[in-house]
Amino acid sequence: MNTLAASVTSTGEAVQFWVLGTIAVIGALCTILMKRAVHSALCLAGTMIILAVFYLANGAYFLGVVQIVVYTGAIMMLFLFVVMLVGVTAADSLKETLKGQRWLAAACGLGFGILLIAGIGNASLKNFNGLGAANSAHGGNVEGLAALIFTKYVFAFEITGALLITAAVGAMVLTHRERTERAKTQRELSEQRVREGKHLPPLPAPGVYARHNAVDIAGLLPDGTPSELTVNKTLRDRGQIRDVSTEALDDLKALEQRSEERLGRDKDARDRDGQEAKR
Amino acid sequence: MENLIALLVAAPLLGAAVLLCGGRRLDRIGHWLGTLLAAASFVVGAVLFVDMLGKGAEERALHQKLFSWIPVEGFQADIAFQLDQLSMTFVLLITGVGTLIHIYSIGYMEHDERRRRFFGYLNLFLAAMLLLVIADNYLLLYVGWEGVGLASYLLIGFWQHKPSAATAAKKAFLVNRVGDMGLSIAIMLMFTTFGTFAFGPVLGATGETSEGMLTAIGLMLLLAACGKSAQVPLQSWLGDAMEGPTPVSALIHAATMVTAGVYLIVRSGAIFNAAPDAQLAVVIVGAVTLLFGAIVGCAKDDIKKALAGSTMSQIGYMVLAAGLGPIGYAFAIMHLVTHGFFKAGLFLGAGSVMHGMNDEVDMRKYGGLRRYMPITFVTFGLGYLAIIGFPGLSGFWSKDKIIEAAFAYDDGIRGWIFGGVALLGAGITAFYMTRVMIMTFFGEKRWQPAPDPDKDASVEPGIEVTPGEMPHPHESPRSMTIPMIVLAFGSVFAGAFFSIGDRFANWLAPVTQFEHPHPVISVPAITTATMVVLLAGALIAYLMYGHRPVPVTAPRGSLLTRAARRDLLQDDFNHVVLVRGGEHLTRSLVYVDHSLVDGVVNGTAASFGGLSGRLRKLQNGYARSYAVSMFGGTAILIAATLLMRAV
Amino acid sequence: MSFPILTATAVLPAVGAIVTAAVPAARRTAAKWVALLFSLATLVMAAIVLVRFEPGGDRYQLTESHAWIADFGVRYELGVDGIGVVMVALTALLIPFVILAGWHDADPVETKSSRWRPTQGFFALILMVEAMVVLSFEATDVFLFYILFEAMLIPMYFLIGGFGDRAHSGTDENAAAQRSYAAVKFLLYNLAGGLIMLAAVIGLYVVAGSFSLSEIAEARASGSLDMATTTERLLFLGFFFAFAIKAPLWPLHTWLPNAMGEATAPVAVLITAVVDKVGTFAMLRFCLQLFPEASKWATPVIIVLALVSIVYGALLAVGQRDIKRLIAYASVSHFGFIVLGIFAMTSQGQSGATLYMVNHGLSTAALMLVAGFLISRRGSRLIADYGGVQKVAPVLAGTFLIGGLATLSLPGLAPFVSEFLVLVGTFAAYPVAGIIATFGIVLAALYTLVLYQRTMTGPVKTEVRTMPDLKVRELAVVAPLIALLLFLGVFPKPLTEIINPAVEHTMSDVQKQDPRPDVEAAK
Amino acid sequence: MNPVNYLYLAALLFTIGAAGVLIRRNAIVVFMCVELMLNACNLAFVAFSRMHGNLDGQIIAFFTMVVAAAEVVVGLAIIVSLFRSRHSASVDDASLMKL
């Protein structure tokens, strides 16, 4: 605990800082640079875990645990769920569409960072008191926090509770969709199809050459091009159609070749046999 | 007795109010009511006059204060009257001649459907004119001053459907307003100098201020007088004012209103006496106008306009006399009174002629009328003799005195110049009046068939005229001839009555002071010279118009004649410089107001609009752009904080 | 505590507005009568105020004071001095005439293209304006005054934009566009002024710590409130700018011709005779009283602006082709006189300016309302469309002429008294300015007589041949106004007696004395 | 090593997160970047807590976490419903917030 009170940390902590800090920065950079949201989320989770370690190193034991449990465990999972909902494989284009946005962002970011660091550098932050006394005052970090939360910050705490409830209700309200009209019966749907005059028969089924769960694989038309109609609308909207037409065609070709080979060998064999027989 | 003074004004004012607000019910008796109230005013005046005669010379002035008019800190204006000998003279002239002309108008306006209103206006005029002469301070005088201007405006434009009449009325009012500006500035100067503008304190305190200030006041008063009395350079309205009915020309534009300027100068004598430069200006204006009016009068073929030129010229005499100081005041007023008689008589005669000639005004279309309208001929003739100064008649006494006084301006060259001008004016007067006389009443008939009123807007309405009919000249009804006869009496005898023993001058002396003039040459010499000039003028006129037939259409004439016909180009000057210039000025100002003054404000608004249009593009709706600006803003804030710390 | 009569004078029309607005849509005539009765009741109230006011008494009388927004020291403070009481009386006097003159202006038009115009709204808005104007003349709390000063724009905006003159040259749509342009212009100009004034009001509070006129004035007089010269000047400019727009003073006048041209004649009267008076009134009450030194500092510039207004407004009036715009520019000229009189800072000038406000209200009302009657008969505002009206409608022409003569300040009519006082007052302090202003009287004659000549005289135009003369209702509007013009022209003493003590107070506020006559000064 | 380095790290992470918010169009990733920024702040709070020797900084960090949790819940719900109606999670697609 005494190490926490010095202006210089122990060598162990220094090593830990430099190693994990580097990884945290790399994780943060990856978060903003990865094309796929799911990769970003994973990188972020990594960074957060490292931050949790830093909390622990700074004597905030409770926060460190909470960081892992709440953040990495709950919030990041929530992110992942949404990512799944939106499309786990959907990749963003990193091409900038707003004119000058990237340059402005870079300039602002750079300037901001420099200013922040300059500010910290300017501040007189040489002396660290450490948390030893504070943590031990109530017999530990958690007790100390509890004492504060339920005394000094009790009002904020209660309000935060209300906020959480509101957030939960809000999330439900936002995502919940009340059905405002009666669902159409199959009969009505078929009548509608007849009225509109298209897709009178049922839509074609996906994945004719199914070799695995082929719900996201478009069926091929006779000329070998994939037909998007064969894939579920949700997947279509997410852009998650897997185009396997070339592979399928390749497969087909290979199959043909293989059968050819076999048949050809047979033929050759027959020919040979025939020649031999003639001979 | 003082309490009667207000009655002088009240009677005609009541008449005006009743006649103008009374509606058509009064159409049948309106003219009688108007005449009656004018006569009532005359009676009141006469009673006051008799009362005044009964007092000593110095105690004759009466004062009456009705109520405090505008009481403001440091500024006291009262409705108060002062009736002294000078005012009394005017009161009698105004109410006397006024009543006569009311009577005359009964006949003259008989066929006009708006006769009631005409009498209402006439009464309004009388009230305003009386107020002008009995006011005891300059501000109240100013009320009367503008009041007569209004009445004159209404009466000149009485036949409003004639555009020329409406224009002439407007012109008269506007030119008068320029003069009024002078009067109001004069009053303001008095207020700042003396702290008051009542006659007594102002005229009694002239010694306490500088001559420069008095000169300024005098010049402003002169400007006012020029406007009202049609003196150069503000004379241009008087000729046009003849668009009004003839009784109006007789009353307002010959006998009374136009002489208000002379009244103003004589009344302010104390100021002018102490400001010789202002006096000189008055004399010059009078002299110039005297000639100007006379020359214009020579060239006009319209009988009323010829008489208007004459009026201008005669008032020039009066102004000239008024500018001479104590030696001239009495003669100015005396000439004013005699002129009131004979000029009103002449105008009424002219009206009578027009009445008989289907409202023809062009003298070239008259001729030989003496047999058809004998009374008119005789009264007009007496007026003619009076105005040219025929020995023994009114004009002789009054004008001759003015010429004498003009020669007495000083001992040097100025006396000669002003005297000479006055003398020359007498000659020209004889010329143009003889011309009028001959063209109208003598020679062969040059009558023309009546024009079609539908085609010619200049025809005066009121009298039924059958287009193409030859005129049937006839003597006018008695209501018209009686006033003419009365005025003719005045024209003949008034001058002699006033002059014998300086009776008139002594009567006015308490107000105006009186000094005998001492001309540069002897009085008999002047009288002789006047007679010679007079005869010469008359003779030339006879040779030009009596001896030879007068062409019906006017010959082209010499350059001077043509210029004189156009009022010596003064109107043209006004038109080009003031009217055109003013039009351009207002038009360009309207443009400036719209494009510049309004444009600057609208332009400011538009530039804000443009700027917002630019700024709007920053609002592109992309949250990330907003985030950049927010982030940048935060960076700037941090930078600012750090810098502030560092400093 | 006595009966709050000042509040009552303002509340009465406000209640009237609500009652009028609540009259059922079908009973239009009833709404008109309600409005008229309420305006007459207000007039009676104003008359009581006038009678109870003692000319020689305290400066502010009939005062009321209640806490309003205690945190900012805003109080509901009312009180009238001689100037305020006269203005209240003028307002209360004019509104019944405005209502009576606009009797049919808000009747719904049957044609399809025009919108249905709610009569109730028209009269309710007029009463609303009256309530606010009356209260603003009575307010002695700067903040209260500011709120009213701004709030009266709202009903005015709807009156201008919603109830335009039916006589116009273009199509209905075109007219509607012009009308809304005029209304927006009115609103924007006045809001801009109000905004700057708000800044000054807040500034004043910061400096003085109070909104109460009497408190600030007292503090200034006793020397406990010492404003820096620059601060005082800036605050003065903030106030003056708003008032100069409202007044309106050149070059901020351009909204007035548009607004008066597009609005109906009664609303035009409301603008120029009632609402604009708040501007000049406020110059007297707030600018001079709160910032005497700055007022004196700004005097030269303001006098020049006023002179420009006088001459420029008159010249532009001469150049107008539209009757109502002509009258509007004439008003610009007259407002120049009022401002001139106020800032000449002589007793005569300020008494004259106050009288001028009253007389201008009366004379413009007479002229504008008769012009409105004329325009409604022919359906055109262009001067060139008229001619010879005098022959067919002599009473209309006669009243029009009297209104015009009042506008050109003919002696014997009320405006002469005030105009001459202003001229004399100005001349005493600034001779050159006085002489330049005198040119205004010639120009006034020019535009008035040109207008009369072109519309009323000359040959009768075919379009006006069947024009009816004034009706009884119209005569009932014009006749009392003319009678008042005549009466106050001959006997203005009742008004000057009330005004003089207030002017003396103002003169002592600015610590100015009348220049003494030369003769006395020499002694 | 001076513990102030934690602060530098926090600043770095915060800046990276901010840049991500500005650059990325996928709403989910943008949201992750916001989380990254919040975490950077938390780290700073914890470091300050250590510096000052009291637990208030940790309390603030704790509250930040709670608020972040609430925010994530609502934010993700918004993203989901946005995605449902627009079939896109790009923040640029929701650009109607302009004049």
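Some points to look at:
Order of writing sets the chain letters: A, B, C and D. Residues in each chain are counted from 1.
Note that in this section contacts are C-beta pairs under 8 Å (C-beta built on N, C-alpha and C of every residue); 3 or more make two chains touch, one makes a residue touch a chain.
These are the chains along with the protein names UniProt gives them: D = NADH-quinone oxidoreductase subunit K.
All figures in this text were calculated on a predicted structure; none of them were measured in a lab.
Between A-D and B-C, more C-beta contact pairs are found at A-D. Centroid to centroid, with C-alpha atoms defining each point, subunit A and subunit C lie 73 Å apart.
We define each chain's centre as the mean of its Cα atoms; on that basis subunit A and subunit D are separated by 16 Å. Taking each chain's centre as the average of its CA atoms, subunit B and subunit C sit 37 Å apart.
The geometric centre of subunit B is 95 Å away from that of subunit D, both derived from CA atoms. Each of residues 620, 622, 624, 628, 631 in subunit B touches at least two other chains.
The set of subunit C residues that touch two or more partner chains is empty. Touching two or more other chains at once are residues 98, 101, 104-105, 108-109, 112, 116 of subunit A. Every pair of chains meeting the contact definition is listed here: A-B, A-D, B-C, B-D.
Across the interface of their complex, subunit D is touched by residues 616, 619-624, 627-628, 631 of subunit B.
The touching residues of subunit D, when paired with subunit B in their complex, are 18, 21-23, 25, 91-92, 94-99. Note for the complex: subunit B touches subunit A at residues 620, 622, 624-625, 628, 631-632, 634-635, 638-639, 642, 645-646.
Partner subunit A is touched in their complex by these residues of subunit D: 1-9, 11-20, 22-26, 28-29, 31-33, 35-36, 39, 42-43, 46-47, 49-56, 58-59, 61-63, 65-74, 76-81, 83-84, 87, 89, 92.
For subunit A in complex with subunit B, the touching residues are 98, 101, 104-105, 108-109, 111-112, 115-116, 118-119, 122.
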